[in-house]
Amino acid sequence: MSTDKKTGIGVIGCGYWGPNLIRNFYQLSESAVVQVSDLDEKRLAHIKELYPSISTTTDYNELIRNPDVEAVVLATPVRLHAPMGLEALQAGKHLLIEKPMALNTAECRDLITAAKENDRILMVGHTFEYTSAVRKMKEMLDEGILGRLYYVNTQRLNLGLFRNDVNVIWDLSPHDFSILLYLLGGKTPNGVRATGAAHINPEVEDVATVTLDFDDDLIAFVQASWLDPKKVRQTTLVGSKKMLIYDDIEPTEKIWLYDRAVEGPAQYDTFAQFPYTYRYGDITIPRIGGTEPLRAEAQHFVHCIQSGETPLTDGYSGLRVCQILEATTASLKSGGARIELES
Amino acid sequence: MSTDKKTGIGVIGCGYWGPNLIRNFYQLSESAVVQVSDLDEKRLAHIKELYPSISTTTDYNELIRNPDVEAVVLATPVRLHAPMGLEALQAGKHLLIEKPMALNTAECRDLITAAKENDRILMVGHTFEYTSAVRKMKEMLDEGILGRLYYVNTQRLNLGLFRNDVNVIWDLSPHDFSILLYLLGGKTPNGVRATGAAHINPEVEDVATVTLDFDDDLIAFVQASWLDPKKVRQTTLVGSKKMLIYDDIEPTEKIWLYDRAVEGPAQYDTFAQFPYTYRYGDITIPRIGGTEPLRAEAQHFVHCIQSGETPLTDGYSGLRVCQILEATTASLKSGGARIELES
Amino acid sequence: MSTDKKTGIGVIGCGYWGPNLIRNFYQLSESAVVQVSDLDEKRLAHIKELYPSISTTTDYNELIRNPDVEAVVLATPVRLHAPMGLEALQAGKHLLIEKPMALNTAECRDLITAAKENDRILMVGHTFEYTSAVRKMKEMLDEGILGRLYYVNTQRLNLGLFRNDVNVIWDLSPHDFSILLYLLGGKTPNGVRATGAAHINPEVEDVATVTLDFDDDLIAFVQASWLDPKKVRQTTLVGSKKMLIYDDIEPTEKIWLYDRAVEGPAQYDTFAQFPYTYRYGDITIPRIGGTEPLRAEAQHFVHCIQSGETPLTDGYSGLRVCQILEATTASLKSGGARIELES
Amino acid sequence: MSTDKKTGIGVIGCGYWGPNLIRNFYQLSESAVVQVSDLDEKRLAHIKELYPSISTTTDYNELIRNPDVEAVVLATPVRLHAPMGLEALQAGKHLLIEKPMALNTAECRDLITAAKENDRILMVGHTFEYTSAVRKMKEMLDEGILGRLYYVNTQRLNLGLFRNDVNVIWDLSPHDFSILLYLLGGKTPNGVRATGAAHINPEVEDVATVTLDFDDDLIAFVQASWLDPKKVRQTTLVGSKKMLIYDDIEPTEKIWLYDRAVEGPAQYDTFAQFPYTYRYGDITIPRIGGTEPLRAEAQHFVHCIQSGETPLTDGYSGLRVCQILEATTASLKSGGARIELES
């Protein structure tokens, strides 16, 4: 296999998510998957069968030292992100890390520093920022269609896949936090509260609700659960002018824009009447294109490597999400107390 | 109109909910609506047109003193529940109060005391406890079909109807709290946390999330909103054996029982594998009867008056819900802190 | 009860549908229900309890001769529509007949003639033409939003209510036929074919599919069933520019307008390629007002009586629907053959 | 690539469906895709990129003569099925043909004869017979859960993909006919009627409704359309004891079993009452496994080649479906007349 003009990719981790990354980098014309590493030889044999051209190894150090590997993609358990990522950056490789970026913000900062020092691209796999649906919402918000944002409500629920290394917030909510920060164009929350409980593995919360407070009374509720009978992937954005539901389970009708709003009374104190005005207009379901987001993400990573551009979901993006995650853990430990965040 | 064998009912308040109460007590063969009171003469004229036999008055004192009125039904703003209710009980009338029972637990206790002293029936309008769907869930829980209850998640969302006298938790969540307490057979939460925000009327929260902690790691999330584009009335019960979704928007397919569960690892620490077992079985949607719950509630009230029985949703039931409501307000004021509840 | 300015209404038949008619005419400020007739004394007692001011009788002749009754509303089995309707018209009463208008087109014509000779209003209860959803579709079609209409597909399915007097097409499809004729602004089909089968009562078809051919290749499929597990009330309109689904089960989101279309090849014969162009745009769900259609129908009837206007759903409208019904019966009898209709 | 124990497969046609067949035979451990043929070199290059081990050719004769190809899979336009299929059989290859099997029953019989004479496996790609959902329904019917089957209603609707070589019935309805014949265990219809219209390409019907009459008053309505805004893949089975809806669009909740039935009156003639009994019980949604049906189909083909077993969807199965298709065309031509079928 020639990697003349193609960026050579090495993927560490072939468990649940790794094969999707391999497939996408394999199918891109701009990149070639050179090597794949995993501790499990069966997984490697399976990859070899699907893609005979890819070399495999149980020793990730071999992959990191492989001169044909220009960029490393990490799809390992979270606790390995920072150590393996630092090694890769120090070996001069570009780096794409699955979310969440690391176990804590200190590790995130180390990764950012190492990327700077070695002048390498560092990107975090906040895949949803590469979906057509989230881009469409961003567009609508930026055009002011929703007016001032009042309230965001998200639910990411299903049965499984339980993890032992991180709790359900660290597993599922990075998606919602990264979507939210992207939609808000960089606004970060002032305060974070989290409540939850651990039922199956007593060390690891499997259901949780997070509240994020932003400036201007914007509040966001973020629910995550591995213990729900039905898969739910839903985000509601309520603005002063319009409201929107984004349902990621729907194959095509993902965004419902409601021309609805309510206006309150100016100055009113009689109990018997409620001088609120409700506006109920049409619903619009915009046509959303159907590219696989992981393909767009992979393409963006390769593009940044080849052009030197800063990724949309760079290390700072990963750090901001990790700040919120860290705060949720602190809040859970202190019984739901509000954790202040510096901006 | 003769009220020979029929229990004479007087209804105070003809706003949004009053007419439903009037219609149901009117149509029962065991009761007769004798008099209706409201400050708004237009509302009274409307009632008079629909039911020429009912006498109307703008003076609720007249209704309370009316000897043909044996029982008073209060559908007024919450702040009038206690003062009017006390007057009615002291005048020897039985009393049905709309939810929430009163502005605080002190008022609830006063009402309970007054009912005892005057030997009158005191009932609170926790309508959902009279629905076939909630009864079906209670049956399932009592039979142990769900196993040990892990987690309850409820959403009661829609656009409007905004109120000025109470916030969205006091308006909508009494339904969920009363359902929950009923399902748990009296178990009350140990701790209550609430977060929320006020967007339309800066004094009154219009979106909120409440967390209730019970014994045995049971946790309940209760969301309420007047600011959502879509009407949602959903409760998820997750047990160790089965899971259930109760969707009250569905006209007939209200309860979905999922034969699904997850079992965790006994003792496990390797990161690379997830030895959880997931069971995915059939879904069952039981046939639910369709009686109007308000009719069942009205019938139960009249039955208790005529038989002397204690209502299912008696003053203590109202008090317990009010305790939680009071705690949510305290938690909101202290930025989401956990408020301990005595049992 | 005074009927000074109110039009006096007499309703014959208090079975399934009658009480809805009574309630609506009762609540209108322009009309008063004077008398109700039914063979079943229990039904009459029930009506009397709900509306003490209405006089009741088991003898419909008494109602027709009642001088306070200005207009008769027929909610009886179909075979009584023509004989009772003729008596009423000849007695000088205005007449509203439930759908289908009569057992055959000869009876329809007799009723039309009698109405003319006695100068009375004759209206048929094609309720759906008074719904906001059907009016909205008519508006869209008249504005040309859908382009040229290609194809209409309707399903009206549920379990029960079985009838012995007419088959499922005569029971359910008058709704679809009247909607269709209304939408097409008077266009009637050139040919009618029907297939069906009778399972529960061997004399009466309980499932059926009707095909209607119109000019310009417009084709309509109309399905009716008393034997389906799920209630379906759906109409699809496919035009050259846009497409629309009208789902009457949905409480508010009844009309889905799809900005979708396909354009075919001009002249093409190679098999390997399909040079069709598909356009997939947004979906719009217009806000539909929520008046009870039966109220609008009742109001229109009274308005026509008081103003002398011709009803939207007059005798000819009933006749046109009956022509199609008659043709479906002929087609069923001849094994599905195409029955030509004169325009 | 070694094909020692693996059955060597050659695929002719890489358009819409071919790549799915290639992928499945490629991934099976029991087979190897040796060669692929198509007229379009771009398609071949695409396949080569995905599977470098597969040889490609624009000359299907080369593939048929390739000694490493033991079995030919035809995914070409329908008019090429018989000529290419006969060549392949005569060259000693086993044969899998996409549905519909051929342009007419004469061609089907020729293929069956050729397969017999050359002692080769002949199978038709009625993929749905290999789905878990259809197998589950077959099981339920065979166990008598639904009782006597009254009525089947299917809808297979969407926008596109238009074809020029066959009409919408020939394109989409083979799925429904093969499912139906499979469920009925070989029962074939006595009569076939079809109505439809051609809007986009005036030579090719794009919407149609077919009625099939079976013994014992069983009737089936089969709708097909390339001109609907929404994708629908639904089958309703109504039996004397239970009813079932199979919705193939649903990712997991595909089968809804309704414990509902109706029983008619024995002997009744009074019009005012309807002594039908309706039973409304629970709904059950059985858990359906999720294997890709095309994989199961591919596996079955290879298994039959290796074992000599007769395929579930053999030539006769293809012939029976083609008989119905032929009858629909005859019925369409004669304006919807009933076409008798020999069993």
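Which chain is which? They are A, B, C and D, in the order written, and residues in each are numbered from 1.
Just so we're on the same page, contacts are C-beta pairs under 8 Å (C-beta built on N, C-alpha and C of every residue); 3 or more make two chains touch, one makes a residue touch a chain.
Computed from a predicted structure; not experimentally measured.
Where touching is counted per the definition, the chains common to chain B and chain C are A, D. Farthest from chain A, judged by the mean position of CA atoms in each chain, is C. The rotation relating chain C to chain D, fitted on Cα atoms, comes to 180°, given as a multiple of 5.
Spacing of chain A relative to chain D, judged by their CA centroids, is 41 angstrom. The mean-CA centres of chain A and chain C are about 53 angstrom from one another, to the nearest whole unit. Residues of chain B found to touch two or more other chains are 280. On chain A, the positions that touch chain C within their shared complex are 253, 259, 280-287. Contact residues on chain B toward chain A in their complex (touch as defined above): 15, 39-40, 77, 79, 150-151, 153, 157, 159-165, 191, 193, 195-201, 207, 209, 211, 213, 217-219, 221, 223, 225-230, 236, 238, 240, 243-245, 256, 258, 260, 262-265, 268-269, 271-272, 274, 276, 278, 280, 335-338.
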